[in-house]
Amino acid sequence: MSESTIYRNLKNMPSTHLLGTGTPMCAGCGGLEALHEVYDILGEKTVFVNAAGCMTLLSVYPFTPFRGGWLYTAMASAPAGAQGVRDALDILKQKGTISEDEDMQVVVLTGDGSAYGMGLSATSGAMERDLDFIYLCYDNEGYGNTGQQFSGATPHGAKTATSTGSHGYPGYKKPLFDIWAAHRPAYVATVIGAEPLDLARKIEKARSVKGPRMIIALSPCPTGWGYDPKETAHIGQLAVKSGVWPLKEVIDGELVHTKVPRQRVPVEEYLKLQGRYKHLFEPERDEELIAEIQARVDSYWERVES
Amino acid sequence: MTRLLLTGNAAAAWGARLAEVDYIPAFPITPQTEIIESLGEWIDHGEMAGRMVTLESEHSMITAAGAAAAAGVRVFSATSSQGLLYGMEMLYTVSGWRAPFVLTNVSRGLASPITLEPDHNDILAARDSGFLQIHCATCQEVLDSILLAYKLAEDPRVRLPVIVNLDGFYLSFTREPVTLPEQDKVREFLPPFDAENMMFRASAPESQAVAVLGGGPYSYFRYETHLAAQNALAVYDEIADEFSQLFGRHHGPLECYCCDEAEYLFVMMGSFATKAKEAVDRLRDAGWKIGLVRPRLLRPLPREALQNVLCGRRGVAVIDQNISMGMGGVLHSEVTSVLYGQPDAPLLASFIGGLGGRDIPAAEFFQIATVLREAAEQGSAPPPRLLYTENELREVRKLQAIASVEREVLGGQGDE
Amino acid sequence: MYRIRFHGRGGQGMKTASRILGSAFFLQGYEVQDAPRYGAERRGAPIFAFVRADKRPINERGIIDKPDLIIVADDTLVPVPAAGVLGGADAHTLLLINSHTDVSEWQQRLNYPGPVVVLPAPEEVVDRAEMPFIGALCAGAAAALTGVIERTSLQQAIAEELGHLGADIVEKNSQRALHAFDLMGRQQPRLMEGATADASAWNAPEWISLPFDEARTAAPVIHAADNTEALKTGSWRTMRPVIDYERCNKCWWVCSTFCPDGAIAVEEGTPVIDYDHCKGCLVCVAQCPPHAIEAIPEHNAGEITP
């Protein structure tokens, strides 16, 4: 971790929060948890450029939780909207129409439905153009806003509204982190709201550099994943402790795991709390599938540790 | 003031340059590409200020254009055909942001089958998007219309994006004499963009393009956009007058050519309308009382002006360079709706021609006039007519034989 | 109105030639319209371009179907149906052709209804189609034939159209064009302006109502295989590769494999060039290990082809 971080322990975390209360996100929303933590670190001089997803409903006329800017675009092209805003602010500064103080950080805010699929081409384009922006994907592993159908982010075996068979989703979660990292952007990181210190240090780092800064936040979703809202942070912590969600970053092509779970808890501890994996345990245990999921996690960490 | 030979694409680029645009999101597509190539070259060689960025699709291009306009800079962009349709979601979206900018569309027929040559189905697909539409017939008009479009788009009584349309090949790649207005005079006509309260600034919280819940607010925002588009009619008249005083060229919402005392009228949009104009001259030489009405503004549609010029004539032939499957010519439908219930509405005949750049030779205009006159004398409208000759079908049959289509048909019949 | 049509091959500068003539008319006080016809703008493929000039504003557009002057930069295009070189010509249409063959032979061979003029060559060349600055020569000769364009207008038009390529290019083109202009100077007959359409006497178009065809017929589907062979792209060729079988070492694969068009077959171990389809790219000439393939001007091919 960066030597210069001001977030040495949880007492350093902001105690007042920038994101307004009163939004229509579900109670216990893991994405909102991550977003408000991110916003606290970025500060109010931020324009969010949003792609269609759950968080489109953060600003419903006439209410907004944002103190800075917000622009809703469409599902596929939020990075292009960020391009337009970034370029316009640069043009206005260059012409002397606005001062440096009036400048804002441009942040794309999208769900996994956009980030892993329809929006991937626009995201790739923005990285290729070295756009100076932050990209924040709140990843709840399915098309949550439409009732949790599977998306390119859905993990193997999870039940969704469009993978209701006895083995759940037959595909595998797309390696978006690697796809992004292959573009060699300025910064790539995974975060989760349940690990606020790790998140704060990463956003602090992202804020300090220029260019594309790409963040995926795993976002436990009580509605889509089928668990009691109070478990959001717990499930998030288990995702890290079980090794299902590796916390990592890439700077200058170098991959670093920022929190390595030395004694990983079995994945089933993470799975069994969620309705989307209920078919792995009831009416009888699907040993094969549980073992497969565990094996994939083990294999990932074996490669990391070797 | 310089008069020189310019293609329609070069005239469009000059329009953007003279409007001193700040920002040009771009994506190449035939037959538009020369516009962004010209602008790119000027910017690269320091002949023009402004920033150009090539996006990865037209959908992104229009998003970036709308976003930059919403942040308060003057934006220009250009596309054509499939590109316009690829960006269609964003056309509807950004017009609702009330973010004004100018988009040039170089008309080209739509797939399938895919083609490069022009007709108007691309631009008409954007008819209900909330973008205003100006249709050009000459290269001069392309340049002038871009200046008019900025003034119209940025007017506080309107504040909507505008599409300036020109036909592929027939204007885009065709050089004609074009008068370049002087930069100082253009500045006098078109002052810097005042984005009013639309901005992103650290000191001014602003959440733009937000969602609504419920039909009440939704209807309000949508109908306000409609009212703004309707306002654009009166605003356009003012602007066109001001333009004409400064530059000596008047581009009204309708071009009416030889309409005084005319018994018959052609109604047509775009560059093919100059062919109709030529036919009017020849028919007048032969003793016909005939004229041409060419809508330059399609959105907003100048309803009253159309009623005034069309009513009281014996017959009107609408020639559509487009087709709405299952209905027919789009302009014909629009004109029909304009004339419905008018006491002295003329007999209306529908012709469809020029699809995919198919030529409309003078003889066809003469024939259209003849059919129109016969119909008016008999008092009943003729059935809609595709301008298509026996020889053209014969040629298609030959192509079908090469494509072995006949064999398939025969095979099918053999099964029965 | 003057209606002028240029025919040449991609790469011969017909677009530039039409623009030089258009500009010269414009400088002479005419209203002008000029346009190239794109579509198959590939090196060697037939292309055409138009110029209209009139003292009044021009309302006609697009293809010129009844030309007053047809300019042919390459006489091998005359028999190519796709080039449509002689389309719409009548007794008043002047034909300016770049050819080794003389006027009377052209009139006889084509049974051409109007006057024919051969483009004057500033010097004797082996292949007229490969003459340098052929576009400038055509523009210069055409300008002279109009009888209304002054030498200085032609010169200025070249400076305007080619200025961006540098003074040297302008000078060389100018020299050639003026030379052609002077050689053509006293040439008779002159170009005559064509008549406008007459709305009191015209042929009614043979309109039909399109019959309904079922989708099995009316969908854009080709039910045949590999029938592009019917398209004789050999007509694009200005240089012809000729195999010297004495030197050919029968390696059988180099020329045949590298030919992008697959126009070199191997028959019993010996390569054979399909001249109906060879476009004259000369990759085979460049790649042949024993240098057994020679390129000769297409113009001379008749005499040399084995």
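As written, the chains take the letters A, B and C, and residue 1 is the first residue of each chain.
By our rule, a residue touches a chain if its C-beta (ideal position, glycine included) is under 8 Å from a C-beta of that chain, and two chains touch if they have at least 3 such contacts.
The structure presented is a predicted model; accordingly, all values stated were derived computationally and were not measured.
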In terms of mean CA position, the chain most removed from chain C is A
With centres defined as CA means, the chain nearest the overall centre is B
Chain centres from averaged Cα atoms put chain A and chain C apart, in whole Å, by 60
Whole-Å distance, C-alpha centre of chain B to that of chain C, is 34
Separation of the C-alpha centres, chain A versus chain B, in whole Å, is 43
Chain C contacts chain B in the complex at 19, 22-23, 26, 31-36, 38-39, 58-63, 65, 196-200, 202-210, 216-217, 220-224, 227, 230
Residue set of chain B touching chain C in the complex reads 5, 7, 112-113, 116, 169-170, 173-177, 271-272, 274-275, 277-279, 281-283, 285-288, 357, 359, 361-364, 366-367, 369-370, 385-391, 393, 400, 402-405, 407-409, 412
As the complex stands, chain B meets chain A at residues 22-23, 25, 51, 53, 55-57, 59-61, 63-73, 75, 89-90, 93, 200-203, 205-213, 217
In the complex, the residues of chain A that touch chain B are 44-45, 47, 49, 56-57, 59-61, 64, 66-74, 76-85, 87-92, 95, 97-98, 101-104, 121-122, 124-125, 128-129
